[in-house]
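Two complexes come next, and they have one chain in common, subunit A, joined by subunit B in the first and subunit C in the second.
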Partner chain A sequence: MYGHAGNILRVNLTDGTHSITPLPEDLAREYLGGRGFVAKLLWDEVSSGVDPLGPDNKIVAAPGPLTGVFLPGSGKLHFGAKSPATGGYGDSNVGGHISPEIKFAGYDAIIIEGKADKPVYLFIENDTIEVRDAEKYWGKGAIESETMLKHDLGEEFQIATIGPAGENMVYFACISHDFGRQAGRTGVGAVMGSKNLKAIAVRGTKSIPLANPDAVLEVGKAMFEGCFSKPGFEEWTPQGTAGVTDWVNEVGAFPTHNFMTSYFPKHSQINGEQIVNKLKITDKGCYSCPIPCGKYGRAKTPKYDVYVEGPEYETVALIGGNTEMETIEDVAYANYVCDELGLDSISGGNVVGFAMECYENGVITKEQLDGQELRFGSVHDFVWLCNQIATRQGIGDALANGVRYASEKWGKGTERYAIQVKGLEWSGYEGRYAPAMMLSYMTCDVGAHHNRSWAITYDVQAGREQLEGKAAKVIELQHVRPMFDLLCLCRLQWVELGFELDWYPKVFQAVTGEEYTWDDLMKVSERVWNLTRSFWVREIPGFGRSMDYPPARFSEEPIPTGPAEGKYIPMEGLDQLLDDYYRLRGWDLNGIPSTDKLEQLNLGFAEKVVAERRSKGVAN
Partner chain B sequence: MRLQAISSNCSGCKVCQMLCSLVHFKENNPKKAALKIAGRFPAPGDYELTVCTQCGVCVDVCPTGAIQEKDGAYVLNREECIGCQACVEACPENAFVVHADETAPIKCDACGECIKYCPRGALVDADGVLQRVAK
Partner chain C sequence: MPISVLVRGHTASYFPEGKDELEVVWSGPITVRQLLADLGVDSLLVMRVNVNGMKVTKEHILADGDEVLFFSPPAGG
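Let's turn to the complex of A and B:
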């Protein structure tokens, strides 16, 4: 299939060998690329029951068939591995420029297996593949080591690194790239660290094979023109994703004080306008993006002076609202510290918020912390704790395994406010007055992440009390949005500009020469969704409905303040949402995909494994 | 039309480079584009563009006369180029691009396509004739 570079690169870190093999045609046709390749390759290659941080886990990094091509937003890369944070299916995507670079070097997927006996980095320059010594970069910050590698190899190399958090296998360590972009979620950075892999450096000079270059030029131009003509092209871009901060507060969905409430009275001090006025140096976009959401800037006060990309909305929400930072400079500084340590700022803000509430409730005491405090609103305390976590010192060691682990270890009712699903910390939208958004988090296939189904706007449009109809919308979004991750495109042109979805089958055909209708693309997306669900069933004994619920705070505690005051979704409501969702998906009442559904999606190979689990009597 | 770079507007997207390679080579390859983008991170935290100013210094050093003036731009005839790199060395802007698969270096012919599709207004026509396209 055109569009693909045509090769899979496999690197074994245990013995330092590699192989390059042709991309299987059926993999390309049935799974397209990116997230699809990650899901299928992990299913096929990672044996059931392996330790996520052991040598038998694998990292897959996959661009997609449209990655690197002249069309808006073609710069995404999908990383995946069995997740140390959840024990289930894990993936995370990153923008920047490394994904096209992998294509230009000639690869559609990189599979990294085994474990090096000392720190190494993977060097890729077209056909030259080397596992190189990384002793001098080990222990350095993620951005510092990227800077060093660019200096040593050349500016044209695209670099993915981990920071100390990844080296120390913190469950929410990210993979960093392009000075402030991260594959942040599910602990993919910890898996790199577990393999002693500090970085991946890539340079490629090849052209991407196109079925019809004239058609790509024509359709690509029309797509860019389409983006230029949308009102959001001028209006949305200056603030990027953080522009939504005020709105999320106005609708009462902003994580605040460890998700105790959903409105932060000081939100206008940390919104997109503040980023533009107080931090921004330049718009910094990913490859091929007409609407760069990245706001590269500098946070300078008498206490610190740092360059940092962002904060983007999620960081504003999880560091800003959730730990109650009162200035945009403090949010940016905390963001910088997370970036350099290699901590996901979503889980990072969530975990620190959790620890601050534990401190407030006396579960953690000042004496335990050798006199250090953990106060909401203190960037000093935030940064101190992040360093403890990244180096696994003191209470940082338990927190480094995420809020699910820490709450189970500490008890005392902390599970109630450990805000996670399946072991992954909740991201930037509070769901107690947004049933579709709540259901999106409950059923997301990596744990509590927003990006598979950003349904909160639908809640606001369709009625926020209403539960009926929400499951259908969530399923629709869970197929549309991850479709972008199959092709490894950015979805923000569609989400933020209202750029029309019918462009994608057209450009897919121009690039690949293959006709996939919109329904065909959705079918692949549904196939991958059912395969990732099956991965959970395979890996987690007793997996099912019980793992789709949010923490008790969301089903038992009414929101105490703000526009959504008094709202929550009791268990009966959550069950109604799940019942609808499972039925519409063709899953049983325990949330296990049915035989018919799996076979209908050409997932007969998964059915064998799932059937065995079904028969072990997970109650229906 | 005179191509002018306003580096402070650049967000590093490489749309110009992809377009350039598609227009001139029918290939999708930013490294076969006649202009350069370098990120400068973490500090000072911006992008630097390098473009051909059509100054014409290259014309005089070319031993085969492969670079000729055409409608106000100096255009490299790739058939006549022997790949000696004299122009690359002589260019005061360091604007020529060298690619391992190509004998001839890659030079801007001032076609103006990049101006029409630069999303951020970082590439403009100093004469103000060409502008970003709109539907």
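Let's turn to the complex of A and C:
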């Protein structure tokens, strides 16, 4: 099979064995790679009802068919596991350079199962696979341990690690790579920690078979030239994604004070311009990237002096706005602490904001914190709490399980402060005055995450109050954007430069020799979306519509300040959005995929499970 | 008065026919904001505007032969 390395590597950490099997052709044909492989392999490999942090959960790491090829942004890797944060389907992707290295080592997917009886790391050098002792790295920070492994193994190895948060199975622990990039969401780092797996080190020197090397070279060159010639190409890179900070405030969608409001008056102190002026040393890109979005810099004040990649927009939003940091240096320092501890900075900022609001309202007291305070705007308090969480000390133990768990444990109305869907903390776009964006979060297949459907500009263009037509746009985006995750390409060339989508079927054919139209690619994306939805149905008793609602704050509390003042979406509006969405997806009114839809997408195997849930009355 | 319009990024999909390069003709003075309204694009969708390589506000008055570059807000991250 062209474009693929042709092998799946399976590693059992319980007994230290491994096996290599051929990549099934039907898996490649129907799921393409990356997120598609993760979704299908988790469905097949993870038995229903397993403990996400038990030995029976599995981690899948998968590059895609275009990974490592001479194309813009061909360096993405997908990690997935049953999520400890949500109990449902979980995946998260990371850039950097490890994905091509896995392909060059000869693998299209790595399945990691079982549990080691002591800390280990997975060593992969082409056909040499070893489960090695990791005692000396255990307890070290994510970046520190990556540095140590690079030192011990050689610069040419690509390393993915977890920090103390992953070791302690914090539900929002991430997998870190390339000194500051993360597969951040859904707690994939906690699953690594649950298996005593500190790191994955990979070195590969093989080549990737291409159907038509000349065509790949020609199309790849044209794609790079296409990027470089886009209007304003050179002006995108300097600030990276944080360049959107002012705009999100202007439209009234910036998470502020634990999502109490959607406008941060001091946003210009933590925006992309401040990153350029006060932090940035250099741009930092991933494998084969023409528009490096990473900003490597230094945050230096009398209280700290750290080097850090970032902050990118999501970190600016969740650490900056949501906990009200007033300087970009403080945001960067908190970012660094999260990175080293191995905490997802999105959930991290959300969880700390939740705790700060609990403190502000007396649910948590200074006495309970041994004299420590939790004040909005205090980087000292932020960092203190992150360390408590990562080591599960004091109130950090409950918060380590995320805001849903902590609010259920603490009660006293704190569920109103828990800004999450399905157990995953909300990321950087407030939705009370953006119905399509709100629906995107409500229906995202890993919980409240923005990247499947970034629909806020559609809200602006089509009407901020309007509900009609929003569901169709969200579904369109939920197929287009995750298509990049199937191929494991970065989508920023399309999103930021306006790179034309019709390039992708062309290049897919040049690499794989398979003729897929754009509609064919969208069909695969829809198949995967319905499979991940079925995974939720399989794993969560009673799963359905009730899990697609946002927290009550968004349907009951008008935004108090800023450009979106007074706006919110009442329950009847949310119901209208969901009714439209389910109908257009071919799901029932409880949000369960119909028999016809699943069979139409060649998901008959999932239909059997969903039908069983239906017959027991737990699915609809 | 001919004006060249270039759009960088995903916002181009909201411009006429989804194009990221347009030539428009206008009679008399027009601001950037008026130009966007005439093209049917909400001015909030444009994060930044350059005219002939220089950053300007949306109240900037365009001149004959100007090249206007609209920047989309970056998405995600």
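Note that in this section the second predicted complex is superposed on the first by the 616 of 620 C-alpha atoms of A that agree within 3 Å, B and C clash if a C-alpha of one lies under 4 Å from a C-alpha of the other, contacts with A are read in each partner's own complex, and residues count from 1 in each chain.
Here is the rule we use: a contact is a pair of C-beta atoms (placed from the backbone, for glycine too) under 8 Å apart; a residue touches a chain by one contact, two chains touch by 3 or more.
Everything numeric in this text was worked out from a predicted model, so none of it was measured.
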Combined model on subunit A: subunit C and subunit B, fit or clash: fit
Which of subunit B and subunit C A:Val216 touches, first, second, both or neither: first
Which of subunit B and subunit C A:Glu235 touches, first, second, both or neither: second
Between subunit B and subunit C, more extensive residue contact with subunit A: B
Touched partner set for A:Leu497, first subunit B, second subunit C, both or neither: second
Touching partner for A:Glu312 - first (subunit B), second (subunit C), both, neither: second
Partner chain(s) touched by A:Gly297 [first = subunit B, second = subunit C, both, neither]: first
Superposed arrangement (fit on chain A Cα atoms) - minimum subunit B/subunit C Cα distance in Å: 14
Common interface residues of subunit A - those touching subunit B in one complex and subunit C in the other: none
For the subunit A and subunit B complex, residues of the former touching the latter: 68-70, 97, 100, 104, 143, 147, 155-156, 178-179, 205-208, 210, 213-214, 216-217, 220-221, 224-229, 281-292, 294, 296-298, 307
Contacting residues of subunit B [partner subunit A, same complex]: 8, 10-15, 18-19, 21-23, 25-32, 38-39, 41-47, 99-101, 117, 119-120, 132-135
Residues on subunit A engaged by subunit C in the complex (per definition of touch): 230-233, 235-236, 239-244, 246-248, 250-251, 293, 312-314, 450-451, 454, 457, 460-461, 491-492, 494-498
Subunit C residues within the subunit A interface of the complex: 6-12, 14, 20-21, 41-42, 44-45, 47, 50, 69, 71-77
